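The data blocks that follow each hold one structure.
What follows is a pair of complexes built around subunit A, which joins subunit B in one and subunit C in the other.
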Partner chain A sequence: MAKFVEDINKLLVELASKVELYVPTTNKSIVNFEKFTGEPFEAEKFKNSTEPIKKILFPESEILYFYKKDENGYKFEQVPLDEKKKIIFGARPCDCAGVERLDRVFYGDYMDPYYDARRKNTIIIGLACNEPPYHSCFCTSVDLSPSSTVGMDVLATQLENGYLLEEISDKGKELLGSSELVRDANEDEVKKAKKLHEESHKKVKKIDIDTNAIEFESDLWGREGKRCIGCGTCTFLCPTCHCFTIEYVGSTRQGRVIRSWDTCQFQAYSLEASGFNPRPNKGERVRQRLHHKYRYFADNFGEFQCVGCGRCVNLCPVNIDVREVMVYFKKKKQKEEVIP
Partner chain B sequence: MTTKIDVENPYLPVPLKLEEVTEEVSGPRAIKRFKVKKLFDYKPGQCAMLSVFGHGEVMLAISSSPTRNYLEFGVLKMGIVTNALHDLKQGDCIGVRGPFGNGFPLKEWKGKNILFIGGGIGITPLRSVIYYMLDHRDDYGKLDLIYGARTSADLCYKKDLEELEKRDDISAHLSIDVKEEDWKGYTGFVPANLLELAPPSVNTIAITCGPPIMIKFVIQDLLKLKFSDKQIFTTLERRMKCGVGKCGRCNIGNLYVCKDGPVFSYDLLKKFPEALE
Partner chain C sequence: MSKEGIKSEIIDLLKSGKIKSFVGYEKGTNPFFLRPLITSSVEEVKKADFSVLCVSNLVRYVIDDFKIALPRGKTRDSRPIAVVVKGCDSRAVNVLLQEHIIKRSDVFLIGMPCNGVIDPKAAESLWYERNKTHDPTKIRISNEGMFEIADGKEEIKLADFDEIESEKCKVCMHNNPVIYDELVWDKVDDKKVTRGERYKKVDDYEKLDPEKKWLFWSDEFSKCIRCYGCKNICPLCYCEECTLAKDKEKAVLPNEKIWKTSWIDKEVNFSNNVAYHMNRAMHLAGRCVDCGECERACPVDIPLRLLYTKVEKDIYERYGYESGMDSEVKPVLATFDINDKEEFIEG
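Showing the complex of A and B:
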């Protein structure tokens, strides 16, 4: 059932009094999810955050364990897991879907205890895009939409007189049931939100991504590789990219083992001690990123490892555009089908 | 891909004392053998992550057979961690976590002849299978080992090789790349030795491990010898950090070498153009 809250900021103050609440926070030209300070949230000014919400669940760098040498040899000590209750408010549907993609990786065959602790203690309140925030948005091309609920516990939609709050998961239902500020929504409010969702969906420019059209051997990779400067921005700002490195920091006597984000766009990422590198050139690394997102992940999980947020398009310093790459392969395949 | 593995923390190693450190090969491409207590049960072909405190972790093939009561690794001195490992002595402590990966499908191979083709340090995963099969000798047909290194000094596990050469339930065919006086084996590259010996492919599985360039030519030659894609197996090496299919770097197609490999049939690998470059 859908709920309704008139003053979202009153609800945020209430939530922040109970748990750690993260909301979109503007700092000069950067908008990111920071701990709520009481500063009112203004939906009109918020498009999307510069970085996705990924790092709340999977920080850029974290300590996995400590090691120490004593008279009996070495000891390992796992850092206490981060089990703080958290709520994220205002994450866009693309970024919430990004969390669902991360779940696929960090659960799977082996459960990652560090991710699991944060994930199961976090409630995500998504915020529908009443207008696609950027012209680089392409969520509808990856089977999502400006109001999709993948990865969310609650979907919020801003209406004229308040916010419609849709319960998506049990966690979300429990959360909304616990607040006096929340009432049942009426039919009119539900209809209005639905209309906004539909209109916004139509405004997102859709491209046709055809997994089977993406070629492995193609001149395109070399061309894109020549433009690429290998900075890794596309992957560090991606809501779904999860690659990391594990490094020892310290002496032989004591220290810590940390995990930090890494990127397949770096040459050293796959460089082996022997000097052999399976992906020595930038073109091969661009190919790996896109094949992984639109082919390999899709083979394993039936969905793209891309949520169409458009950050990699917007923020690439040399304007590499995944949408253009996908359109190029689709057109090429169509031409070949006509003239075999 | 679907079996959930119940480990509380797959990143946390167990500290173990080095029970024995043996120099196998000296010189610029030194190889040492490290023996620790048998921390877990495993299958031949599986790997473990070894950590050297203050230096880092390295994923290594387990070179001992699970039929023996210890874990052993053959390590070529190459990068930061293996260099640090080579500086350790008996009684020093390392971290171990594992086992990782799929291992060889040994049960499916019962009754078959097995042809091992190794180069250099690539002998390590083969050694685990060889001793497993020698300890279950009746389950397998003819066993042949084709193994080579740059020079006779670079041959790894020389004592084992001498012992294998004396046994009559396995044939060892050794080679070195360049001519040496007193060398009784074959002189030339491993793929050339394979073509010379031309083992029959009937009811035979070929397993090849070694440097990427050797694997590439060995596979070409096995195909010439009428081995089918499904009869050829290899192990792949990639840089790894996590061992559990999450850190991303050993990705090939929709697979991860650390958890879906390192053992692959050529039938599967040929679908991934990047795998055997």
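Showing the complex of A and C:
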């Protein structure tokens, strides 16, 4: 049963009074998810945030534990887990799907307690894209859509007179049930939202991604690698990239152990203790990124590790475009199939 | 010379083996800038283009060529690389020559006199604001402005060139390459920007009181995600091992080695971010040529150019030196003159 709220900002104020609420906030030229300050949310101006909501669940740096040495040896002090109740409002469907991909990794063979503490205390209210926000959007190519509900607890859709709120999970149901500002939606509103979803879906440009067509030994990697500058923009701002490195900060006597984002695009990422680097040049690193996204992850989890948000395409300073690479391989495979 | 003329010359040079590769611009999937084209194939050189969308500083790729890891037994091909340079880019070449990082024979410079390139980010946001179809294939950008190609051949003007011109170009004082082997087209007239105009933003910034300055930069630096885009795109950040990034050393144990190889940790926090950006600014003093690539590469829009222009202004006022104008003079901070201002020592 879908719900409806006339004034979203009243609801946000109500939510913010109970828990930590994150909403898209404009800071000069960029938009990020920050704590709600009471400033009204304007859906018309919001496209998508520069940094995905991944940052709230998996911050760029976090302290794991402290260590100290005395006469009796090392002592370790655990950092209290972040178990504050959080609500994220306004995350785009692609970013929410990104959280679902992160879940697969952080709840995989080993449960990550730091991630788990944040994740289980977070409710995500997604916001459907009534219009694909960027020309680089390609969510429909990775089996998602501008209104997909993967990874969300509630899906909000902006209509003329308010927001339609669809309950996706039990957490979301509970949240909406507790507010008096929310009423049951009527059939007309549900229909309108559905129509918007369908129209928006059609507007996203679709490309064909064929996992099996992506080659390992190909000249393309060398070409793309030559152009790549080896920065971490594509991976750090990816909603699904989850690599991290663990480092000791301090001296041998005392200090802290931190976990920070790391990226396969950096040279030191794959550098071995012997000094040998299996991925010495940028071409191999670009290959690793795309193979992980569209092959290895698909082999392990049956899904792409890409949600089609287009950040890596749009923000790359030298225009390395995953869509172009995927189309190249698909076309190449088709040609080979015709002429065996 | 013309566009086609220069391309056929490059093709001849490639065929005769006088140059090993060509670094230029080609049309990519982003309609707001031409992306770098690095190739040694004749077919690909034909794709090269020269326009107001040539925003990248390609000198970075000359440095990158020295950094490519080769299989055992193979040595680097030392033939020159043909690279397209605008005014600012050519000054970066001069700095590299001054610092003996490259030799003149390592590069074949194709100068591109330029009246300013566009700011892809500004153009993109204006396009989203003013256009209706959201079809990136229907954009045409020239030195007259940004146009949308409507049905038929009709064009709708979306923005004037002034609106989409890059900030760095509005205050550029050297529109023509200062060092080159060949020019794509005739030299253009310099824009006649005065020093006062050039440093206006810095002057405004200097008028702020220290607390406000600190607040301004705290806000900006706390956004940094340390992707190292600014460092990796910079033609003058050529160090094999950066003291501000753990490029080569992946020391994770708390021993002394960490402190020797890197001045800051991987931890992304405000203190490390400030250390990173301040160090980088100091390392670019008297060297930065204001090609603006750092600011363009920054995904979180930190106004890095303001920082580096401030340093540039200080150097200019102190020593009357402008970076990258002459490959023969010594770098300013590597020289000593008895008349150098040193009032900071007094009192």
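Basically, the second predicted complex is superposed on the first by the 340 of 340 C-alpha atoms of A that agree within 3 Å, B and C clash if a C-alpha of one lies under 4 Å from a C-alpha of the other, contacts with A are read in each partner's own complex, and residues count from 1 in each chain.
Assume a contact is a pair of C-beta atoms (placed from the backbone, for glycine too) under 8 Å apart; a residue touches a chain by one contact, two chains touch by 3 or more.
On a predicted model such as this, the values are computed, not experimentally measured, just so you know.
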Touched partner set for A:I30, first subunit B, second subunit C, both or neither: second
Which of subunit B and subunit C A:E247 touches, first, second, both or neither: both
First, second, both or neither for A:S274, with subunit B first and subunit C second: first
Contacts of A:V79 with subunit B and subunit C, given as first, second, both or neither: neither
Which of subunit B and subunit C A:V318 touches, first, second, both or neither: second
First (subunit B), second (subunit C), both or neither touched by A:Q288: first
Partner chain in contact with A:T233 - subunit B first, subunit C second, else both or neither: second
Which superposed partner A:S260 touches (first subunit B, second subunit C, both, neither): second
Partner chain in contact with A:V105 - subunit B first, subunit C second, else both or neither: first
Overlap of subunit C and subunit B interfaces on subunit A (superposed complexes): 245-248, 250-252, 255, 262, 271
Of all residues in subunit C, those that touch subunit A in their complex: 28-30, 33, 35-39, 56, 60-61, 64, 68-69, 121, 128, 134-136, 219, 223, 225-229, 231-233, 245-250, 252-255, 258, 265-269, 293, 296-297, 299-301
Touching residues on subunit A, where the partner in the complex is subunit C: 27-30, 47, 50-51, 60-61, 131-132, 135, 203, 223, 226-227, 229-233, 236-237, 245-252, 255, 258, 260-263, 266-268, 271, 277, 280-281, 313-315, 317-319, 321, 323-324
Residue ranges of subunit B in contact with subunit A within the complex: 1-5, 7-15, 17, 51, 53-57, 78-82, 93, 95, 211-212, 237-239, 241-242, 244-249, 251-254, 259, 273-274, 277
Contact set on subunit A toward subunit B in their complex: 64-65, 67, 69, 73-76, 78, 105-106, 108-113, 216-217, 242-248, 250-253, 255, 257, 259, 262, 264, 269-274, 276, 278-279, 284, 288, 292, 295-297, 299-300
